[in-house]
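Below you'll find a set of structures to go through.
Consider the two complexes below, in which chain A is the common component and chain B and chain C are the respective partners.
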Partner chain A sequence: MTVAEHIETGPETARAAKPLSAVRLLSWALTAVIVTLCVVPFLLVFVISFGRKIEGAAWVWDFTLANYQRFFVGALWPDDVTFLYLQQLGFSFWYAVIASLLAVLTALPFTLLLSRLSRRAQAAWLVFILSSLSLSEVFIVMGWDILLSNNSGLPALFKSTGLTQWLKDTGWFQVLRDWGLASPRNVKFKTSQFATILTMSYLVWPYAVILLYPALSRLDRSQSEAARTMGAGGWCVARTVILPAIRLPLFGTTLLLFVFLLGTYVAVTVFAAPAQHSTAVAIYSNIRGANLNAPFGAAQAVILLMSAGVCLALGHRINTWAEAR
Partner chain B sequence: MIKLNRRTLLKTGAASLAASSVLGTPLIAQSRSLKIGSYGGYFENSFKEFVYPAFTEATGITVESVTQPNSTDWLVTMQQATAAGSVPADLSLYARDTLIKASRIGGLLKPLNLKAIPAASNLDPYFVFEAPEGPLGVGAMSWFTAMVINPGEVDAPASWAEFWDSTIYESSLGLSRNYNSQFLDIVAATFFDGEATFATDEGILAIIEKAAEIKPNVALWWSAESQMEQSMKNGDVIGGQYYLDVANLMALDGFPIKPIFPKEGNPQDYGSWCLSSLSDKADEAAEFINFSSDPATQAIMSRKIGTAPLVDQSKTDLTDEEFAFVSGTPSIKPAYEAYLDKETFIKESWDKMLAGA
Partner chain C sequence: MSGLVLKSISKTFGGTRAVDLVNLSFAEGQLTALLGPSGCGKTTLLRMVAGLEAPSGGVILLGDRNITDLPAHRRKFGMVFQSFALFPHLTVRDNVAYSLHISGVSRSEAADRAGKLLDLVQLSAFGDRRIGQLSGGQRQRVAIARALAQEPEVFLLDEPMSALDAKLREEMQVELRLLQQRLGITTIVVTHDQREAMTMADSIVVMSNGRVEQVGSPQDIYHKPQNAFVADFIGKANFFDGMTVPGGIRIGATHLVAEPRFIGRSLVRVAIRPERACLDEEPGANRLPAKITFVRDLGPIREYHLESALGRMVVEYAAGEGGKIFQVGDTTEVRLPPDALHIFPAPTAHEALAVAAE
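This part shows the complex of A and B:
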């Protein structure tokens, strides 16, 4: 009620009367901004997910659970059952889990070594890593696309160094063909899960370093040294001293990157074969003009979001459980 | 005092405004204008450079070019704009399936007055789309999705069926990933009875099953045109389906790509000029469509944009060589109605096939 009065009298008088209420006004304004920019679009997606598609045209507002049912058993149920959309959700999780683990596991030793450098060197590295964040997903995917291309990338290197010929002579080439990593002429790395996961972990690697850095730079080195003097080996120190000390940031970083990667679109659409596409790609193919099925796209988005929420909640639960022990 | 001044000023101002609007009417009528949408990039630029100036010269109507991303996404934009009460373009360029979709949604397009478009008689009646409320679209130009190969790697196939041969094409082809981007029409024309096979669900499933057999030979299922362009340039794929006009342009630039008309032919699609239901420029639009249907304009588009003319070659001054560059026979007509009537069924069956689920 007081807030309403302040709005009526205007911010100037409010500030003159009571300095605190200006702050409160600001917080209300911020809340309004957040509501319009975040909550309203989300509610819209949620409401649209109950809409109904009209064959050969667009969609209309409605209240039907058919879109959610389709996600689990397909549109032709009960005549036919497909787990296509669950499979896509599975791939979303698979890519996000593997890529975030890969990023954190490789960033960990790097950041550990980084935190032991001189301050100048540390600053230089961090600036370099931060600046690499300015590259968008599209640029990174384009870069890897060129690096893995037949005439200009890794396959060309394989061919010119004679590695392709060697693989053919030793019979390994056939194995690569069976794995889908070669055509009859040369090795090929796209489209493949290898390229998809590689690009995705490359995408979040700078985040992993930046998120792990504060924790690793605060590590008390005297603890490791004490363990060393008591005769513990390098691996033993890492396992029993360093890892337990940074367990929380390690876990948090992985979880954050995982959620971030769940929605990856460009890398998957370019590097993964359609048999291994994720929910994000399916959402776009449904809402775009060629299909105009926004309700089903919205239903998939809601399910993806809920799955991410469940993962975060589980992560939190595991964490508190581990803390309590 | 000041108040009085202001009031007199307002009065005289209103009077002069009214006078000028009366006097200005013929002036406005002389500078007529029209907003026309076309697909952005090379396509739109060619229109701005070659087609619109010729139209303005012929009729005095100035054209404001509007960029469309493509046909289908533009329909979403226009649908929302129509609901909001103000549209960005008078005329839009829609592919036939989008045009049918727009007519089914209803309220988006205004019927055209064919009496004001006498040149439309040059076109095959198939290219004038008649809906119950009247003609909604008149053909603008046509384009082919052609078979392409890398001539440095393989010999030209005589039939689409050769793409199924894994001894030559294992992991080597680039095909379009969308269910309605005409690969199914190619399969139907090559192995079945063409459009007629789309009439039943069993027919469609048989076509999709046949399409599944080509999967081991496909290295790239492209969704954006540029993906296929890059892959052909980089040698990641040595054949597949691609737009005839872009393939020809790439070949002219020296890239290893050659479009081919195999014995079954290539799918032919076309774009139509459609008038927005909110547009008040029906007369100007009719004049433009009339201009566009003229064989001379059709020839300009073929030469400058690389699209196929919708009028008979004999009506234009295109040489056989020029015509062969933009067109070919036979042409496969896409099963538009089936794609729309069984949209969800075909999309899900196709996606299932691709995913192996």
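This part shows the complex of A and C:
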């Protein structure tokens, strides 16, 4: 480039630089908004988790690991050890794992059938399922609460139709009692892990359908047909062709629902026995409930979040390993 | 087995009859092409043979065994799909060995047989590759090897060349035919490409509107078409509508010498292949004045488009044939040898509309 050309192109370069800096400014502003809305609250919770509760009063800023110690081994360690809070975390995981698996396993065949319906029928079902997402957790739990309540729900129906008596006559009633699903007189669902998990799985079932639908509707049907012509029956086709083809969306959906369900509060409060409450319930009772121990609640929240992070990282590793195979 | 037989097979989807009372017999070890335009029912027929669709009526026999209600996975007919339908989560070798794995063949034996099949389709160096790393032609070979792995009694191919480019398609047609002849397996190929059918098939089934129009060897189908649809669909032909009269056919004011096997004053459609019409000075019947309107030289063949008393027509010569070279505007005489004329009943208005729609 000659000097003259350089002088001529100079102002143009300067003009071109102007919109670039505006874009950069906008991206900085967006980053600041995201940091303020997402990172700052989390950092606050993280910092508060090192704070100290003043007995009979509120809490103060501090840097103590006592809250984390209390979570893992109890407040009286090393004189006494309790795993109460780890047990609550265990229940959180138990409910979330079983409910997410139940939701995905039941949504999978449904969505597979849905994807084979006519376009019109698919649209109708999807609109119906999407509209069900507008119902809040409180509303859904209230519905299940009524359905499973001992006086006006299914147990009452079982009794009035004679099903309870039939269960007693056939010996199944004792089995239900052993599972904690019956009192001496009648079937009971409240409180039970069964009702908790059922409601939690119902909560996320529409999400499972919506998340699985794109992958299942894109499935190449000729692959299943090819497998059939090579001697594969229905289950064999599902196991060797369909499931591998949707492995990633299936895994991702389960993981997403699992993480979502780790924070379930209302369903656990209503349906689980107090001794089987999850970390989410404990966090609430510490931060807003009777205990008013925000630092300990924050520590529990951080641990729950870390646990979810570890699960996601593990899931990613397992998926990468499976893909490499 | 001793061949595959279809008796009165039909298939309806809602109110549409996709396949209409088809009777066919596929000889053992032969390659048969189901040929026809899109929507003529050939793929539906193939899918019924594979067991992927249940016939609405009729019987499918394999030898003396009725397999009409036998599900696809119990028939185990090897099938190559239009999209190849390979499994992207498996390697090339595992794709080929799929049927062996699911039928309980040991891993070592399955790998051994998959290796032999990959040798057969000249892909032995590609066994560990993923399907996404293969070209279209290679994918097709994998699909063929995979379908052959279970040593099927009948080998089915649904438009196997449609995803390939023109040059590769021609190469694969020859390769596939050689492979089929080497294995001696009863094979049915669905295609809408007449060149493909004529290259590969021992026998061609021409279909239209769910019905079989003609069954025969490629030469029979081309040289002795049984109706106007076959004459039109297979190769090129000049068509004229006329009426039978004593000693021939009257087309407008022109009388053509011919031997129509119809009663007098029947409406007929006359067809003549472009290579059977001549622009020469030799004496003979059916000489008509003609004027050259367009010349198309394609290298191996030269086409003369001309205007005659019968209307527009095309005459075709292979390179080096035909003697005199004509130019646009030349006047000459076109000769239509009586033995080159194919005479069919004139299509009904309904049939004409259906053909026009296709």
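Definition applied: the second predicted complex is superposed on the first by the 293 of 325 C-alpha atoms of A that agree within 3 Å, B and C clash if a C-alpha of one lies under 4 Å from a C-alpha of the other, contacts with A are read in each partner's own complex, and residues count from 1 in each chain.
Criterion: a residue touches a chain if its C-beta (ideal position, glycine included) is under 8 Å from a C-beta of that chain, and two chains touch if they have at least 3 such contacts.
Note that the coordinates shown come from a computational prediction; the quantities given were computed from them, not determined experimentally.
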{"item": "Overlay on chain A: chain C relative to chain B, clash or fit", "value": "fit"}
{"item": "Touched partner set for A:L84, first chain B, second chain C, both or neither", "value": "first"}
{"item": "Which superposed partner A:V270 touches (first chain B, second chain C, both, neither)", "value": "first"}
{"item": "More chain A residues in contact - chain B or chain C", "value": "B"}
{"item": "Chain B versus chain C as contact partner of A:K53, first or second or both or neither", "value": "first"}
{"item": "First (chain B), second (chain C), both or neither touched by A:T191", "value": "first"}
{"item": "Contacts of A:P41 with chain B and chain C, given as first, second, both or neither", "value": "neither"}
{"item": "Nearest-approach distance, in Å, of chain C Cα atoms to those of chain B in the combined model", "value": "47"}
{"item": "Footprint overlap on chain A, where chain B in one structure and chain C in the other make contact", "value": "none"}
{"item": "Chain A residues touching chain C - in the complex, by the definition given at the top", "value": "220, 222-223, 225-233, 236, 240-241, 244-245, 247"}
{"item": "Chain C to chain A touching residues, read off their complex", "value": "50-52, 71-79, 81-83, 85-90, 98-99, 102-103, 146-147, 149-150, 156"}
{"item": "In the complex, chain B residues that touch chain A", "value": "70-76, 79, 98, 100-101, 104-105, 153, 170-172, 177-178, 180, 219-221, 223, 227, 230, 233-236, 340-345, 347-348, 351-352, 354-357"}
{"item": "Contact set on chain A toward chain B in their complex", "value": "53-58, 74-76, 82-84, 87-88, 145-146, 149-153, 177, 180, 182-185, 188, 190-191, 269-270, 273-275, 277, 282, 285, 288-293"}
